[in-house]
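Note that chain A is present in both complexes that follow, paired respectively with chain B and with chain C.
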Partner chain A sequence: MANVQSLQVYNCQAAGLSEIPVLSIADFRNCVIQHVKSGCRISSLFGRPLNNSNVRILAVLANDEAGTLFLSSADVEKSYPSLTPDCPQAHWFEREIAEQWGITPTGHPWLKPIRFHSSYRKGHDAWGRKSAEQIMPGVTNYFQVTGEEIHEVAVGPVHAGIIEPGHFRFQCHGEDVFNLEISLGYQHRGIERALIAGPNKRTIHYMETAAGDTTIGHTTAYCQIFEALCDCNVPARAQVLRAIALELERLANHTGDLGALAGDVGYLPTASFCGRIRGDFLNMTAIICGNRFGRGIIRPGGIGYDVEEKRLEELKGCLAKAAKDVTVAVNLLWSTPSVVARFEETGVLSRQICTDLGLVGVTARACGIDRDCRFNFPSGIYQFAQVPVSTWHTGDVFARTYVRWLEIQKSLAFINNQLEMLPQGQIVVPLDTLSPEKVVVSLVEGWRGEICHVALTGSDGRFCHYKIVDPSFHNWMGLSMALRELQISDFPLCNKSFNLSYCGHDL
Partner chain B sequence: MNLISIANSVLAVLLAPLMFGIINRTKAVFAGRTGQPLLQAYYDISKLFQKGAVYSNTTTWVFRAGPIVGFAAVLAATVFVPFGGLPALFAFKGDFVVMVYFLGLARFMTVLSALDTGSSFEGMGASREVTFSALAEPSFLIGLAAIAKYTGHISLSPMLAGINAASWGHAAPALALIGLAFFVVLLAENCRIPVDDPNTHLELTMIHEVMVLDHSGPDLGFIIYSSTLKLWLLGSVLIGIIVPVHSGIFLLDTVSSLLGMLGLAVVIGIIESTMARLRLLHVPQLLLGATALSILALVLVLR
Partner chain C sequence: MIKAILARIQQKHRTITFPNGVPKLPDRFRGRPVVDSKKCVPDCHACAEACPTDALECSAGKLNLDMGRCLFCGQCQQACQKGAIKFTTEYRMAVRNRGDLIISDAAMKLADALGIQIRQILGRSLKLRQVSAGGCNGCEADTNVLNTVVFDLGRFGIQFVASPRHADGLLITGPVPENMKLALKKTYDAVPEPKVVIAVGSCAIAGGPYITHPQVNNGADSIVPVDLYIPGCPPHPVTILDGLLRLLGGLAAVSG
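Showing the complex of A and B:
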């Protein structure tokens, strides 16, 4: 029954915009809830303006086991009964829809802005704010706990380290945290709005900077959309080099995270070594494209730079050396009891909460869930060369650390393998114009987790809507849940084990 | 009163910041770095003394008094501690209790000025500091009581003078237990790993550092100076027990004590390089463990 009400597509498969069923809001709710109950999760849920009065809400539901995506939609004018009470993972998406389009999901348990901008639909505001009213990030009501010995700790938006801005409110009883509320939006740049009527010269640069540490992930997701809409085939050599770049990004960030986790517990050797080795991995990306963060390598239709034999040899040499170094540095962690004792049973997230909230990436795999787009929704070279999914079952900081280490090993093996049998041939193909009236969903497993881009083209073959969901968008709520009943002094460590993006969330 | 013993305090004031330099250099070697200059703490302190201070409107005179009273109290405590070939400047019955309470006064002022800011971070830091020092103090005092019993003196100079190489021959277990307990106290009192991490920038995990976040300029300079002095002070007591060279030759005694301090700084550096911090909940267990060691030592000498 559910299938009748939704359109089934595959990752990076273009479908006609008119093929997406438009349901009544009751049927739409039912469709989403039934899909989630039967094992799907919400990959994306967003609204787009249809005409002056209506907003069309589109849900992208992912079935990890089958590798299929379901699209369904409904039209809403001012309000609709909220999905969140029946389907908690819609929580953040519904707040986003309310903020962007001034639509009230009635019955939403905690309806607050997430990015603190005025509504995109003039005259509609979910909180009845006047359009001239200045909206300050973080200025809102927060969850309060009262009682004896309860105290509130506010951290940020300006932090002691060189990190991005975000505001954290802890409700504590002594050293115990009852609740953590996270308020973001300080990095909101309006990327999604700026992509409309694209693609143009700027589009690729927006993608490369949507989340600066996930340049390759987001750019790959965008390029896959472009290519699906042009119905072009990317040359094999480009596909392999794209995957190598994506894995190098994963290696650099995972290594940096392991070092930072060691630093947060005051364990010096791994912290120092991994900081340097992260740089080695970034330099390898620079060997390919001249930029340490992979800017300029992924381009629609292929890649921006070919790698000749000499540089391939250099890359192999550097990789072998870094692989040796990172193995020594990280194994120090597991052989030091004081470090393992600190990681274990800190910030435990149950598998149930992880499923309910639809968390993705390392966080989900550290709860024992097989959720990896490279495996579940393979695109590019991952359709032919699989990377085994790395999981651990304990859901604590240790699990999130250990999964990163397992993935480092798998990525190293993958890159070595691919470098051995790098196909010859061209690296980029010319692209046509985009086909009109289409919808494409592109999923990429970035180093943090699932990156979901959804593009809709209008009759002129330009983007009439573009939606980006960074893995952080799903996972911030997971951090909040992991903090419950935890010691407040363990927050920095727990936070680091998630290492979520602020700008990827704020866009 | 032996006026020449004022040299002990002068030596402490002159050399204490060097301990930080040695610890940091040791850590740098383990991390494969060159590390900061050995004299970095001196540079930092002199730089801070040349700066102006910023005071928030919510603070009162307590906040301004905290650092200077703290520094004065720690400096005053140094006159009770013998070092190398010289006895302490002041020695009277029960002087070690006065010394411990001078350190207590310094802590009390730091805590008060932290609370004076009204910041939730500093309040948390103050509560942690008080909890942990209340657990560290018994260990130190019981350890001193054991030494008093062993040597038959209740003044720090004769107590430490009463320990020599021969004592390690027949009372090694008790002295080793006391040495270990004092070492744990020294790490806890000076916010070193595994109790606290002096290098962290994460306010939520800090104990001591978070209490001084609002201090700046000369105030911060005094705070850093008094923390180096405190390390020197507790280090001198510990070295007095584990490197008891009392040859009567002034130069030999002093040089061996100085070498002991050097070794201590290196050991602290090695510990900070090879182990992680304890979870905050487990710190009391470590401190209670130190107290148990002191009690055991006391039992051994009472026997």
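Showing the complex of A and C:
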């Protein structure tokens, strides 16, 4: 039954826009809720303006086990019965829809802005604010606990280190945290709005800077969309080099995180070693393209820079050295009881909460869930060269740390393998214009987790809508849940074990 | 403990000798661009058309490149048939005045040191508060890297501190979105006088890829006065370090 009400597609498969069923809101709710009950999760859920009065809500539901995606939609004018009470993982998406289009999901238990900007639809505001009213970020009501000896701690937006801005509200009793509420939007710079009517010469730069530490991940997701829309085949050599760049990005960030986690528990040897080794991985990316974050590598139709024989040898040499260094540096953690004791049972997230909230990436895998786009929704070279999914079952800081280490080992092995058998041939193919009236979903497993891009083209073959979901969009709530009943002093460590993106969320 | 000591020996000493030794940068590194208008074909404009942020302007046979707007993507170099623009591996790019970032055929003027009075107040230390205001976290990452053993920022007396009250100045990244405007102003106000402001990256200088978006302010100097501009998208850590040392008078001001 469910399939009749939704369009089934695969990762990076273009489909006709008109093939997506448009349901009544009751049927749409039912469709989403039933899919999620039967094991799917919400990969994306967003609205786009249809005409002067209606907004079309589109759901992208991912079935990890089958590797299939389901698209379904419904038209809404002003309000609809919220999905969140029946399907908690819709909560943040519904807040986004409310903020962007002034649509009220009636019955949403905690309907607040997520980025603090005015509605994109003139005259419609979910909170009844006047259009001239200045919207101040973070100025909103917060979940509050009252009672004797209860106090509130507010942190941010500007933090005490070199960290992106965000606002955190802790409800505490002594040192114990009852609740942490996270308020974002300070990094909002209008990327999604600027993508409409593209692609143009700035589009690729928006992708490269959606989250600067995930340049390869987001740009790959975008290029896959581009290629699906002009039905082109990326050369094998480019596919392999793209995956190598993606794994180098994962290596750099995971290594940095392991160092930072060590630093947060006061174990300085690993902290300083990994801080440096992270740079070694970034420098390998710079060997390929000249930029430490991989700007310029991933381009529609292939890649921007080839890796000739000499460069290949240089990369292999650097990789072997860094692999040895990172192994020594990280293994110190596991043989230091005071480190492991601090990691264990801190910030436990249950598998149930993780499933209910539809969390992704390292966070989900650290709850024992096999969820990895490279395995569930493989694209590019991952269709032929599998990377084993790394999981751990305890859901605590230890698990999130340990899964990173497992993934570092898998990524190193993968890159080594791929460098040995790099296919010959061209690195980029010429591209056609984008096909009109299509929809494509592109999923990439970035180092933080699932990156989901959805593009819709209009009759002119240009983007009439483009939706980016960074893994952080799903996972910020996970951090909030993990902190319950912890001590406030556990926050830095717990936060680092998630290491979520503010700019990727705020866009 | 013995394992940690053995690991320490295995990991070796890794701090670079900068500023005495010049670090090895990759051959494809896109550092300071050089422009040669003489090679331009009249009314060509191919480079300007390729630029995503309108950093190039050709007028009266002269090609101007605004390194403040530049994303260092190299599209202009690729678009130019005549080789009038070339990105070199030169990492030194920091300047004191916004106008010095607009380069043409002539050599560029790198940053000179702060005035003697303020340097006497600062002594041999510079404490900075970092404000991240709407970028992609790339500039933040490559600023943070200065704290690693590779660059060892502390040996130059420079430190990032946890409060504006403890700071001599601000290091700002990002285009300053509307949503960060007030926080930036308040942080600036909280720094005691005299204070220095450093804008790192094309976002903080001119808005970066988000230039002209209604959600952003096209850089830090629309909100607070800026004393040092460090271009790049993001700038290489050594470009940032070079800029900071220039400001403190640790490096001779030169034209390059």
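In the analysis below, the second predicted complex is superposed on the first by the 507 of 507 C-alpha atoms of A that agree within 3 Å, B and C clash if a C-alpha of one lies under 4 Å from a C-alpha of the other, contacts with A are read in each partner's own complex, and residues count from 1 in each chain.
The criterion applied here is as follows: a contact is a pair of C-beta atoms (placed from the backbone, for glycine too) under 8 Å apart; a residue touches a chain by one contact, two chains touch by 3 or more.
Quantities reported herein were computed from a predicted structural model and do not represent experimental measurements.
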Open item on the list: Quick check on the chain A-based superposition: chain B and chain C, clash or fit?
Closed with: fit
- [ ] Based on the superposed arrangement, let me know which partner A:A160 touches: chain B (first), chain C (second), both, or neither?
- [x] both
Open item on the list: Taking the superposition on A as described, I'd like to know which of chain B and chain C A:R129 touches: first, second, both or neither.
Closed with: neither
TODO: Please work out whether A:P492 is in contact with chain B alone, chain C alone, both, or neither, and reply first, second, both or neither.
DONE: first
Task: Which partner, chain B or chain C, touches more chain A residues - done: C
- [ ] Scan A:R351 for contacts with chain B and chain C and give back first, second, both or neither.
- [x] neither
- [ ] Taking the C-alpha centre of chain A as the vertex, compute the angle to the C-alpha centres of chain B and chain C, in steps of 10 degrees.
- [x] 60
Open item on the list: Between chain B and chain C, whom does A:F273 touch in the aligned arrangement: first, second, both, or neither?
Closed with: both
Open item on the list: Quick check on the superposed pair: does A:K112 touch chain B, chain C, both, or neither? Answer first, second, both or neither.
Closed with: neither
Open item on the list: Can you work out, in whole Å, how close the C-alpha atoms of chain B and chain C get once everything is superposed?
Closed with: 5
Open item on the list: Quick check on my understanding: which residues of chain A belong to both its chain B contact set and its chain C contact set?
Closed with: 160-161, 269, 272-273, 276, 336
TODO: Using the touch definition up top, name the residues of chain A that touch chain B in the complex.
DONE: 151-155, 160-161, 174-175, 262, 264-269, 271-273, 276, 336, 338-339, 341-342, 346, 487-493
Task: chain B - residues contacting chain A, complex - done: 27, 30-33, 120-121, 123-124, 127, 193-194, 197, 199-205, 272-282
- [ ] Sort out for me which residues of chain C touch chain A in the complex.
- [x] 3-4, 7-8, 10-11, 14, 26-30, 50-53, 71-75, 129-145, 147-150, 160, 162-163, 174-175, 177-180, 182-183, 187, 208-210, 213-216, 233-234, 236
Task: Complex contacts: residues of chain A adjacent to chain C - done: 115-117, 136-137, 157-158, 160-165, 185-191, 193-194, 201-202, 204-206, 208-213, 215, 269, 272-273, 275-276, 278-279, 283, 286-293, 295-296, 305, 325, 328-329, 332, 335-336, 501-503
